[in-house]
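Okay, so chain A shows up in both of these, paired with chain B first and chain C after.
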Partner chain A sequence: MGIIENERAQFMLLAGFIIAIGLVITTVMLNNIIFESNMAGEAGGDPIKYDLVNLMSISGDEMKSAYRNVTAPGQNPALKVSNFTKQMQNFNGNLSLIYALHGECVNLSWDISNWNTTRYANFTENGTANGARNWTIIENVKDSNITVNVTTISPPFNISINSSTKSWQINFTAPQNITINSAQIIANVSVTPYTISFMNGANVSGRFNITGNTSNNKPFIRARDHILNTTILFSTSDTRANITIPVSVPW
Partner chain B sequence: MKIKKLLENEDAVSITIGFILMFSITVLVFSGIILSFYTLSGQSRETAMRASFDILGSGFAARVTSMDILLNITGSYGGTVNELEYDFSIPASIAGESYSINITREKIFMNAENDAKSWIPFNSTYIINEQIYSNAQDYTLWYDNNNNTMKIKQ
Partner chain C sequence: MVIVFDEKGQMHTLEGVAAATIMLLVIVYAIDATSMTPLTSSTANVHVETELQVLGQDILGSLDYAEPGYNSNLTNDILGWNGKEYIWDGTSYMEKGNASYSQNNLTNNLTNSLKYTLIKQGIAHSVELTFLANDGTSLVTQKMIDNGNPSDNAVIVSRKIALHNSDHPNASNIQLTDIDPSTDLYNIVDVKLILWRM
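On to the complex of A and B.
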């Protein structure tokens, strides 16, 4: 009765203080928890690996394409390097522009010294001396023509053609230029499809060109003259990369 | 009548003692409420820290894995990584606590001063063995191509 009829409002003031302090405590606590969670969440970041992998891939493809264009039949051999450079410069300019729109800085440079000095690639998987020495070029081949020009060799090196029933080893002991047609292969391995592999490819360098069709009638070309190098400079606000990759040309 | 008289009897009533009693009770109730809030706050803080560590650790694991994948892909091309660097920042404190991050090839382990811990498992092909602290917020994850390892610098 006393509290209800009390006109001095002491308890109302007290209740007001209690509620106000309670609200302040609750607000500060919740705010801290939410703020800290957001801070941690911000620290994640978006990986740019796909951009870099894509750059490696398209740069290699463009180099192959430029090499094929300038060495195609009917092209002036005297202009091959200048035309190659022109195509690559054009590609580099467009690439920089496209990536700049994404906030990424890209610059390509290329090294064609192996081409200029006629230094041929090794017969390894990636064409360098320390690449995989025993590797399969293509499987499930129905017909193919193989041209191999070996310029330097430290035996053993052989091309291995294997069908489900037979294996044919073509051994190389000295620099030589050989062409093997589809009929010769069928005569030695009896049945199709077959697999073509290089064995001990690190011991030898030169050129090869293999064309044909797979067992599902899909045409293929596997060829290599040189290994050129391209260097990709990539930078964003928080990432810097400088990567050099070897590119097998023409394919 | 006697009961009514007793109720209306104000002979032994002291305003001072009444005030002290009311004040004491109010203080006790307040203290109880605030203490219970602090306990709740403590529990929430540890939960929030673990959640934050998970987010932070996952983001960091994604960066290390990203670098790992890039190095492996470049290796599969027969290429060379001359430079690869990622800048990253970590919050100076999480829920008001500073903390440390220990990175090995198998896991990222985060440990705060109030013993809130969290670890993120991952697997890196390249050697990485680093410990960083939240007092320096800006770091760079980089690839050392001379030693074939991943490192962190400020």
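On to the complex of A and C.
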């Protein structure tokens, strides 16, 4: 029997082997690409958002602080706007230096037209006309004094004070300035703690100031005169943001 | 010229390709088998860094919350800080170079939070404060907590805080001064939390 020297079968086996190995490599590499892009790429947070949130927070807080300082008892009312502007300008200049350390450019501007024209805030949650109409100012109150100065109103609007047993509705129908002390509240709701809420706050504008203590004896203050606006210009090498936020003053 | 029909060269080429493929597979397997630590530079390391960053931001964010009429816990910690440097000794943040007296240890909201988060997870950390010098143009950096040099893969998270005269900052910290005596603004502090895996 003669041996036929034919290497074609060997070629075919080898070619098949190489194709199979190639498929395995391709599959493994593709799998790695998909895995890593999901794991590391998508997990990467954007640190800029933290800087922006922090910037919005301290800018608003500084505006509140400047307003409280210039409207505090004993301050010259004639200088309130100039003193407010001075503090904000100094804050803006110094803030820019701090942010420059991170390669970020920051510039603040502010709009106090509502203050200059004595346009008071709505009694909504965020103080603007389209904010939440019905909202709870504070819960678990032990004692409180409420001062409300309503300047414009389109009824209905009421302050709702609710304890576990009773509800007291203080209705407003016309502009008025009222003060409600803790004894009056207890007489109407019987027990503490109680919750203070504004109902239909979009129908009214004015000022309010509520101070007191919570049921765990922690003093609190909730007050609003105006809504001022601050515009934050924030830019880095690859990000630029121009944000205007409403700021409730004094708190 | 005579053309020689010989399939040996083709065969050798194919064998070479097959051998190269097998070697490539061995290399890929060997790399995959190598141990990956959190400090090994890779896409997984990016994931670890992101986790540290989110953790650090959460710590500073939770400490910096304040309700109307109050300073945040973080602000109170900066206001009360005496300007000295502290190190973690395994049980407390003791004053650097003056560890004999336990009353000199740093205990505030920040250290309490760090104990319950970073210390428990074995994450090394330092806290640095950068603020403006009273010349109004240069910046000063002071360490509040120093636990050595961070690794190359350290993460820095920061929080800016405005201090006011009415908050009565600790006069013992002679470097943190009033940059604006004409208004209530005292200084602006950049609180930096540096985190890294050992």
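One rule holds for everything that comes next: the second predicted complex is superposed on the first by the 204 of 251 C-alpha atoms of A that agree within 3 Å, B and C clash if a C-alpha of one lies under 4 Å from a C-alpha of the other, contacts with A are read in each partner's own complex, and residues count from 1 in each chain.
The rule is short, and it goes like this: a residue touches a chain if its C-beta (ideal position, glycine included) is under 8 Å from a C-beta of that chain, and two chains touch if they have at least 3 such contacts.
Every value quoted in this text rests on a predicted model; they were computed, and no experiment measured them.
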| item | value |
| --- | --- |
| Partner chain in contact with A:62 - chain B first, chain C second, else both or neither | second |
| Which superposed partner A:128 touches (first chain B, second chain C, both, neither) | first |
| First, second, both or neither for A:95, with chain B first and chain C second | second |
| Which of chain B and chain C A:18 touches, first, second, both or neither | both |
| Chain B and chain C contact sites that coincide on chain A, given as residue numbers | 14, 18, 21-22, 25, 36, 39-41, 43-45, 47 |
| Residue ranges of chain A touching chain B (in the complex, touch as defined) | 14, 18, 21-22, 25-26, 29, 32-33, 36-37, 39-45, 47-49, 52-53, 56, 60, 126-128, 130-131, 231, 237-246 |
| Residues of chain A defined as touching chain C within the complex | 7, 10-11, 14-15, 17-18, 21-22, 24-25, 28, 36, 39-41, 43-45, 47, 50-51, 54-55, 57-58, 61-62, 65-66, 69, 83, 86-87, 90-91, 94-95, 97-99, 101-102, 219-223, 251 |
| Chain B residues touching chain A - in the complex, by the definition given at the top | 26, 30, 33-34, 37, 41, 44-45, 48-49, 51-53, 55-56, 58-60, 62-63, 65-67, 69-70, 73-74, 77-91, 93-96 |
| Touching residues on chain C, where the partner in the complex is chain A | 7, 10-11, 14-15, 17-18, 21-22, 24-25, 28, 43-44, 46-47, 50, 53-54, 57, 61, 64, 67-69, 130-132, 136-137, 139, 157-162, 164, 166, 179-180, 182-185, 187-188, 190 |
